[in-house]
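Order of writing sets the labels: A, B, C, D and E. Residues in every chain begin at 1.
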């Protein structure tokens, strides 16, 4: 076992949708520049946990965080009400299940994060957009049509565009919520490759319902069930030697 | 090896959603008073095939059946335009993925199939409703609140109510389209038990995306892929010794 | 492998099956009769339109036997009931355009802001409280608005603009604008709500503020719907009658100055209708002729509005 | 170790959020302008007219003496006209909506009907007045009667009823329809046993909103020539002797609230303007009440029938 | 069978008729129903001659064209004067220059050739200041309009069209009260009720006659000329014969017209005029005393005695 730098961790983290206690005392470490996968049956709270990391739940009324999610190196509790959710979202980006490009051009989509930060210099934008598109392995395909509407791309391209969008603003963590479940196998493979590449630079937290995928791309895996974190460990160990009965049942397909 | 009575079978059955050729030359036998399960990856045509059995597709324009689905013992082609779809639906009931009780009382829900048949005698209705609710293992739970709205039941109870509703009109076949996928494990178990019981009386065709479930409850299993019936056989044989590579890949979780 | 055979007993003969079969024709017959009745009801909508168009065209056609279309469309004097009859409807048209434009200048920005506020900024609880109030505003009878424009808004305006006549297009237009604000706001808000949450989340996840999300993501995505709201709002204003009849004065006046009194197409129709309608006279026919113009204008705006609305529905 | 971007971002965010505050405030103000106007309008009317709102005002006929004048014939007239309006618009509108939503095949006829309905909703009310004048008054010879007014307003609110009914029908999940069909129900059984009952809340809402619109409508009623002094009530419906008797109320002269208001507003004496304001209060309260009921009904349906 | 008396017509006569209808229905305890519409004199005659109404209010005598329509439809009528009115020309209270005007000056403002031309007081007369002129008056279906144009321009209905025309006299009050340069006209009752908002113009028949303000006295003594006029009701002879309630209503009308017309702001006729009218009615003397051309400045007693023609 190697020693990892901790990028973030949840501590006795609880989450409530109104009265619905969706996450219970979750303690999850997130290692820097590693891929951490969240697996578990439908409704176990994977997305809920993931979305807590960039305060997405703040957008809807009645939601409540309890406990802490600490972000390093500055060691703030990112769910504390004193912390500005916008700052958190600028530092922690997210890629969603269904590709959701904005109804704008490819260029504007990728530049969006920078424009939000008030960046207006065309040269900076162009440079960053190219860098991000290259990072998302999309540059070659779109470099001649940056002013086309993003809607005209295929599903897989759109998802890579969303990744480029997330990359462009140099986030510290990128959250992926089942990023390939709406894509065909070929597009899926290209996204997986991409994740393997970008983890060189960014910390990644990914939800997936596909255990093969988790096994393929992640360094660490957390298995959740009914809102609790049942087991966490190195992916290679967890899939081969699960310590808990529930984990074993799940990864062998006995339920879920 | 037992001899089975054939309750229905599809012969070179094709189905089209407009131009979308969703089912291709499907030949599926359905044994009387047995459970036949349809499995296969999402979008392979399981629901489409199931819904053809009670002419649900007639409700929407542009759909087309080709080939035959023969219903025994009277040996009619139930998708022929001469055959009254209403008669077919009265003989072949359906239970859906999400419980869909009518926003009426429990009693009215169960009695509806009989009322549609013109049955108005209160005594007959009461008798049949009780019988059906007993058959769906729901009688004890609801007998004192037959006039409550069905919406007040839990998800699992609602699904059993829908089964009772289907049972009440003595159908020859009941079609189940992923009847437990919206339910929790406990409710799922109770529905599975129920299916095991009612197959004493009724022929059952069930779609499920959960292979364990198919293995547990069905006598025969059909594996479909891309609109074709890839493999059909006794459940115990098909899961242990699949003859086709695709089937094996699917049931071992290598894709889907 | 299993061997199968067909036939055998089976629970096939349901006690109701015979009845179902024998009733098939009766049932189908009844179903067909019901469908026919329902179709006739639906066709009534077409019948009403046909009746409207037929009546308007019929009366207007006799009107145009006396009046040349060129004079009607280009003349700047409208005095059909007087000794020196002039049939140039431009004054009415201009009155309609000016009052509608003022109304739009009020309702467009206000409706847009309200829609954006309710859909993107307001806490959901507050939005739920505010919205019914807006809907109530849309429910107030227009004659009450007319009263309000004449006896409240105009005196108020006269304090601000010295020399403002007691009847003027400004006051009528302003009040009419207030009246259609809820209408514009609700269509625009519908359009903004139709923008999937996923797009908003995508934007917020980049660290955008509400304003940035609203302007850069929600607005472009709902653009055609917002345009539809504007167009349909204008169409409403063009067809509004009592407010302009009461507060704008009823004198056909060829002027673009909103401080002047003027008659609109609708005001002219009620004005004539308030006296008697000498059936068959040219005055009677003239209201149908201008009515026809009114229908054409509102129809035009409405078709554009519907088209824009449909477009946003198609995208999401 | 990645350095933290925190402090640099915070200044950017502070700048960005200024706009949130500005637009949020303007938006709130704009929204309250609507509410304020409503209040102003109402307060203005109430100040002018509240003193006339005595029981006598509702029980007296109009009179040349403003302080004795009342709105008995007007509100009774409005009520009777609304009965005809409802009887015109509800069956036609609901049936048309059912056809379009549940029966209509996709062809050019239904397409035509569809386009028609949306456009009818945008036809100015005064045009319905012209239709009524040409068709009901002169061609069909119904005269300036309750029947003419009721039919006119009924046609006018027809699109409102159709649209509301269609929306209510559309809100019913396909699963409910399929459940009923799967039990062997015919189309009409599905419609009458399920869809109409489940949509009824939405239909009521639409009808009430339509009627509240009709009750305050002035222009088309003026157009059919109903600006009249009426100091009596129409025959009590369904009491007269057959053959014409039970329905002679339909052909009775009448007046309605907005017309009475308009009539008083055009009198020279300011005392009558007070009456007009009082009538305005009655109309506005009636329409607001109906709208309120509709809004309440809708929110209740939404919370009760969560599919 | 319900008993209904249907009345329509002049908005000037309306207040009197409304008052009579109200009292009459009170007396009959609701057994007879009376409807009173407001379509203007011309509109009223159109309905009357189609046989739609029993009685028509008129603020001017029936015209030749209307007589013709009635004759063709076989409608005979009895002409009954019921009160005096003085058409009052009003200006804004702040208007200090036009408190007195001659008929010629009014003509200059209102004649058809003024349309689009005379838009400033200065253009009417040199003695007026340079101030925009805004006109308002009753609409083309109004008897007041007909009488005013007859009396001022010299030919009935002959007027410019570019003024603010409204069947609703209150709108005219509003119009004039809010614009210093405005001028309008309507029945005296409206002026009496709005003395605080508008000012009545004293009318000079010609340069040399005295300026006369409208009032009960000047109407009664015949000095408010040419704008004093009698107002009438026309009763369908057929209705009067066939419907007892119509007969009864008209008799009631003539008995109470004096008191009620005073009450609503008009000038009542001399009492023997009502007696003569009652006589004419009882005798069913049909026809009009005017040849279909309005006579300006006629005494009522005179016309009641006149030969009638249909």
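Here, contacts are C-beta pairs under 8 Å (C-beta built on N, C-alpha and C of every residue); 3 or more make two chains touch, one makes a residue touch a chain.
Composition by chain, UniProt nomenclature: A, B = Phosphate ABC transporter ATP-binding protein; C = Phosphate transport system permease protein; D = Phosphate transport system permease protein PstA.
Only a predicted model underlies this, so the values are computations on that prediction, with no experimental measurement involved.
Within the contact network of the assembly, the step distance from chain C to chain D comes to 1. Each chain's centre was taken as the mean of its CA atoms, and the one lying most distant from chain D is A. Of all the chains, the one whose CA centre sits at the greatest distance from that of chain B is E. Of all chain pairs, the one joined by the greatest number of contacting C-beta pairs is C-D. Rounded to whole angstrom units, the spacing between the C-alpha centres of chain C and chain E is 41. Taking the mean of the C-alpha atoms as each chain's centre, chain B and chain D sit 46 Å apart.
Centres computed as Cα averages put chain A at a distance of 85 Å from chain E.
Residue positions 8, 39, 168, 171 of chain E each touch two or more of the other chains.
Counting only residues that touch two or more partner chains, chain B has 86-87, 90, 117, 169. Contact of a single residue of chain D with at least two other chains is seen at positions 9, 13, 16-17, 184, 186, 225, 227, 265. Only residues 1-7, 29, 31-32, 72-75, 84, 86-87, 90-91, 117-119, 169-170, 172, 201-202, 233-234 of chain B touch chain C when the two sit together in their complex. Contacts from chain D toward chain A in the complex involve residues 1-6, 9-10, 12-13, 15-17. Interface of chain A with chain C (complex): residues 54, 56, 59, 61, 86-87, 89-91, 93-94, 96, 98, 100-104, 112-113, 115-117, 162, 165-166, 169. Residues 1-12, 14-17, 19-21, 23-24, 27 of chain C are the ones that touch chain B when the two sit in their complex. By the touch criterion stated above, chain C contacts chain A in their complex at residues 123-125, 196, 198-209, 212, 216-217, 220-221, 315.
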